Every structure is written in structure tokens, then in C-alpha cells.
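Letters A, B and C mark the chains in the order given here, with residues in each chain numbered from 1 onward.
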């Protein structure tokens, strides 16, 4: 117990924790992110209704305005959509998909990018040249396009129902593929620096294998910027997924994400039922903003030169 | 006996940190006469660079002069506003720092940097400034100075760059030059050239030099007097010959003994004198004399009262061993 | 276990080694600008031997190639030319397993105490790394004991094993480096400027420690330094390097009492006179030329007061002289 307490004490006193406690922006951003993530994770328990249970839906409840407007009802706090689904509940469930896809994509992207960056930086030579040219070529395409490309290929290759079943995974892969380059480049740069340092030379003299040196010596020292990139990348990934879903090429309509909700609501925006699009859109903005702010703060806090 | 050019009295430099106040320099006092070269020597963390920075007004916040006075030609300079300080820098005080790569602006030619300094501080027009820059480059020993005026810093070798930095420091004809580790980044053969240049120019122009270094050899070659710093305090100060040949303060004795000498002539001789332990952290300086935990000659008084520099032979040493009759 | 060298054969023998670095601009730039390939001869035809238990020092100014020689010996760079023999075995020709086995008998200590320890590792992992790689400790307990013993040997406490490098001063980090180097029971230690980044009083502690360890553990040292005074304290023999070449090789006593090569004399003269004896000194001339375009003939001739026509075209070979060997035409011809 005391070991944990000692560790907790050290963590609390740590420079980063101190900066966090003294930055109102960071605390606000973290609180918002936590609220969004909490809501999404606990959706089955927190949401007032289950919007995906067709049995519980009541078509006559459709197009109910938000509770504070005329015609609204307390049980549908933010109104309902055309099918009678509670907007608040769909936001909570939709956030699940958005966050899930976003986090999974970032994880995959970071893993691939860091591994490739380490290899390129450490081995140099032709491997490095090849990987960096691939990265350069990919960077000349907008990320969305890359994701669209992969998604489109999958759709063309697989029959409709098969595709629907694994659509989420394809989406994660597509977004991951569009984002690995930034990790690879950063890690490659740091690896080039660390590779020449005396402690790596010492490990070579001791006789460690290149793989052991990369994983045990270099990796811990290049991970810092990766954390910052990943945090901001979560926001980008969520937006990318939302964009693809909005375009109709993201998640299947049976598991709508925030982007899908915005698309659905888009049709009714000008005919008066604005709440079907605006609230999911606002939720998306708040989530992405909170994560972005947190990432920005982290980057500044970890930058030794700004101290 | 002319009035001192620089007077430092009871200087105290503090750094407030989250973990308490760090005292980088604690009650240091010394004078510098016009045309004199005073060496300030000590190991890392002893406070010598801080003292130089404070004199030239380049202490980085949150570091600040908490107490004491610095007078240049009788005028107080430690609490001057920025604008006043900037006028002083260059005109009255010149600086030579350790790394010639970062002391010169890589984007401007050497000639431009010299001319700008001259124009900023001396009554001269462009043509005159250019003439003087040329003369300066020649004086510091740059061959073919006419063509070199229009070269960028990266086109000079390390030794040449440091010469340019010296020229820049002397451009506005300052009375005081602060040289902070001017030869540390150079090879030994270049070191010899640079320190002899510095000494010659200082003598010719009658400029006083505060030479800050960790290298006793450089002091022996260049300085008239030397001040030995330890943990932010003055341990010993006196004429170079006196302090180096007959050190009084036990720290200076240990320091001189630990310097390897060419005369050793190979392995199988006595081991170097070593001072046990290490310099204390500046946040945890021992009470009384800062050196007493490591001192082979300490006695009861040393951990209770802090000694001020007192007469010891031909120098001043901050050590109770020299307080009146033997104890 | 380790097989200690036979007493007659030198432990380390270096024959005519050379190392070139390709410092050409990238391929695309070369094609577009028509620039040639640039080769830097960092080490050019260096030969020496080190007997067991001896300390050979290599001195010279920055860029002379002394650090490169150390790295060639330990295998961090491949040889461009020449041969390295350890205990009679040519390391480049031996089968990989045997070469690796011999390589383990040598270790290296680096100059920068702040870069030579992995900042994310605890001291116990840093010091135990060779133990683990070589399989010298069967259990965790044994490993812990060994690490504690090594730390004690270099003057640190067993509790220091749990700390991180940033909690230590420069001198203490060098001690940790030494402990790590000794943990695999090496016979030969390459020390690349081990005290250059340390304060003078800390340097004295570390040098004394290294001398004590050498006597107690019967180690052989190759000591690289730019500081001739330090070398005067630790070396049995001294090699002076200039622009990748060995210009003089002599016993320490002979070198310091009667230096032969003009560059050695210049180096010794340039050292500040701490004794303040006021000895007459020849002023130092010029700077080290660009290693990419070394002077023809003797590399030192542009700065040498004794250079003649032969020096400008013919590179002098290392020839025996009283006390050691010198590569200088003037010495060979008796002009000096």
C-alpha cells in the first residue's frame, strides 16, 4: 500500500501534475473530455431511452421539439428525430461510436507510425529512404481522400451485407492509414538524434541487438511527442469519421455516429426541425474542442523550452 | 591609487523556485581597477557566471539581485531600468561569451554587426564605422580583413570566430570587458592564441577584464588578480602569483593540488589530491563556512559562524584559520 | 570464463588502420549540382600495440581522429583499411561467435556523463545490462548483489541503484558509467575523454578511482584525451595524433621530457603555464586545416617551422627514435 501511496505522492508532485493543477484551461478541457467520454461509455445506463430498440420507438412521437419549446416534453429533453428517437440518447450512443472509432484508429495509427518511424530512423539507408518517400507521397493526398479510397476499395471488393458487418473495422483501418505519417516522421527525427547518443553506443558496445536497442533504449526516449500528437489526432480522427459518416460512406446507418446524426438532421434543417442536426453537431464540436485544448496544453506543458 | 572602475559590494543573487529560494551568489564583494585583469575561477555552480551576468545586467528572470550594489565608475548599475542598461552595454561594458557560434548573429555579415555596434554607441558615420571595423578585424589578427568584413559567421573557423567576438566586444571601446569562459570551447593551441590576444588588447586599450573561467591555467597566463568562488561565496582573492603558489584557503589548496601537471611525467607517481565529497547543492548550503564538511582542517568554529574574507598572507581568504592568533 | 592474455603477446595490436567517412551530399543534390563524392579520412594508417596492464594514451586536438580509433577498436565502426587484433585474434576475420566473445572482453567509457546513461532507466538496470546480456547472474538476487558490489567499487551506495541518472551529478554519473563498464568483467577498457566534461576536483577523484581500479583488477586502458596534463598522470605510453595520423609514439617519460615531433612540441608549449615559471614559448601558428583537404606530404607542414621541400610532398613514416617513434623528416634527417 505504501508503495502505491509513495507513487501517488510522486505523481502529484510531478512537474506535469503541478502545471495541470495551475492551468484553468487544462482543467476545463479535461473536465469536458471526461464528461463526454463518461457519457459515451455509460450511455446504456445514463441515456433516458434506447434509440436502437425499434420496439420501444413510437413513430407518433417523431419531430417532438426540445423540452423548453412549445410542444416539447420533458421525457425527450432535446426533442426527437423523424423516427421518434430521443435526440439526447442518440447523441450519447452516437458518441460511443465516434469515440470508439476515433480511439481505435489513433491507437492503430500510432502503433504503425511509431514502429515504422523507429525502423526508418535507426536503420537509415534504403529502408529510411523508401518509407519516407511513401510518406511524402501519401502526404500529398488529403487525409480524407486516403480514408475514402480505402473505404471505397473495401465496398467495391465485398458484397453489401458483408461490408456492413465489418464497416466499422474498415473505417478504423482507413482513418489509421491516413494518419500514421505524422507519428512516423516525428519518431524518425527523434530516433535519428537518439541513435547517435552515447547511451545507445554503450548498448551497442555491450552487444545488444538492434531490435533490443530500438525497443528498450530508444523508444522510451522518443515517446514524448507521440503522446501529444495522439491526443490531437483523436480529435482529428473523430472529425474524419464524422465527415465520412456525413458523406454516407462511414458507419452503416444501423449504428449511427454523431456524423450520421448530423446527416440525418441535415434533411430537416431548413424545414423547421433544427434540433435534429444542431444538437449532435454541437456535441461533436464540444468533444473535439475539449480534446484539442487538452492536446494543446499537453504540448506546451511538455515543451522544455517554454519553461 | 585611482578610483576602482568596478565596485561590487555584498552582492546576493537569488532564484525563487518552487522548492525554496536558491542563493546563487551570497555576499560577494570585490573591486576592479582600470586596466586590471581579474580572474574569477570556480567549479560549476560556484556562482562566477552569475556574477558576470549580474554586472552586465543579463540575469535571466526569475533570477534577481536580492541585495548589494554594483557600481561602474561610481555609478550604480544593478538596479537600472532596461533602457539605461542597454546604453551601458557595449559602450561601457563589453562581453565575450563561451560559444562563438551563438554569440554572433548568423544572418548578418560580420562587418554589419561590427558597424551596428559602433554606430549605436559612438559618434561616427557609416564610412567611419566601416574604417574602424576594418581596423578592429586587423587588430584581432584576422588575415585579409577587407574581404572578411562581408563574410558571414559560418564562413569563419572556430578560432577566427572567437576573435571576431572579441572585436565585437571591443568595438564601442568599453572600459570593462566581461569574458565568460572565452576559451573553453576551443582547442588548446587556439586557447593560447585567444588569451594572449585578450591580454594584449586589454593592456593596449586600458580596459579592465573580468575573466570568468574554470581553468586555472588560463588564469595563470592572463590575470593580475584572481578570485576563487565556492558555493556562491568568495573563498579567496588576491594577486595571482600569491594565490596560485601559496594558496591559503583549504579549498584553494585542494583545488591546486587536484590539477594535473605536465611534470608528473607518466603513471606511477602519487595520486592527485582529491577533495572528498562534492560542492553542496545551492538550495542546501551548510551553516557556517560552506566548505567545512569537506575541509581537512576544520574545527569547532567552522560550522557555527560564516567567515568573511580576511587577511591571509598577501591575499584575503574566507577562513577562520586566519583569524588572529592560532586556535 | 575469460581467458587472460599470455604475458608476452600484446593484448591489443592495431596495424595500419584507416577509416573513411562518406560525407557527400545526398545523391539527388550530387546529380543536380554535379558535385563529386566527398570522403573524409578520419583515421589514416595508424599502428600501435598495447601490452596487458598498460595504459596507452592517444592525444590530439579535436578532429584528429583519436575518438574514431577507439570506436574502430570496439567495433562501433567497421574498418576501411588495416587490422585490429585482440589477444592475437584478427577480429574482422574471426567467425562471428568467436569475434563476439573477444569483443566482450573490452568495454568503453564515454565522455559526456549526461548522454551516456539512458535517462529513462534506473541505475540498477543500467549497471546490470551487461550482466544480463552475458548471463552472468543466475537469479535476481545474485544480480542485485553484483550491482551493489559494483556500485560500492566505484564509491556509490547500494541505494543509488534505485535512482535515475538525473538525480546524480556529473562525477557520480561517470562512476555509474565505470560500474557499467566493469560489470561484464572486461580486461580492456577504452576511455574516451572520461573526465573532460568534469570539474577539476571531480576529475581528480575519477582519475584516482580509475588508477586504483586498474591496479586492483589488472585492467588495460586506451585513454583518449585532449588534455596532456591529465595524460601525464595516467599514461605509460603516449601517442600523438594529427589529422588522422600518428605523428609520435613514446613512453610518457620520454615524450614529456624530450618531445621530438614539432607538433608535440607545439602542443606542450601551448599548455598554460600553471607553475608560472615564465618559460620561453614559441607562439602557436595557424589552425588545424580542413580534414577534407589535408595538405600533401606531411599533414603538419603548413604550420611547421622546420618544413622543407621534402615535407611538402612526401608523407613521413613512423620511424624508431630514442624513447619511441616519430613521423618526421626533420627528426629523421637529424635537422631537429
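Heads up, the rule we're going with is that contacts are C-beta pairs under 8 Å (C-beta built on N, C-alpha and C of every residue); 3 or more make two chains touch, one makes a residue touch a chain.
This is a predicted model, so every value here is computed, not measured.
Pairs B-C and A-C differ in how many C-beta pairs touch across them, and the larger number is found at B-C. Placing every chain at the mean of its C-alpha atoms, the farthest one from subunit C is found to be A.
Remark: subunit A and subunit B have CA centroids separated by 54 Å (rounded to whole angstrom). The mean-CA centres of subunit B and subunit C are about 32 angstrom from one another, to the nearest whole unit.
Subunit A and subunit C have Cα centroids lying 51 Å from one another. Of all residues in subunit C, none touches two or more other chains. Subunit B has no residue in contact with two or more other chains. Note for the complex: subunit B touches subunit C at residues 43-44, 157-160, 187-193, 195-196, 214-218, 220-221, 240-241, 244-245, 254-255, 257-267, 269, 271-275, 278-279. Those residues of subunit C that touch subunit A in the complex are listed here as 71, 74-76, 100, 103-104, 106-108, 110-112, 115-121, 129-130, 133-134, 177, 180, 184.
Note for the complex: subunit A touches subunit C at residues 197-199, 201-208, 217, 220-221. Those residues of subunit C that touch subunit B in the shared complex are 55, 61-62, 169-172, 199-205, 207-208, 211-212, 226-230, 232-236, 251-253, 256-257, 266-276, 283-284, 287-288.
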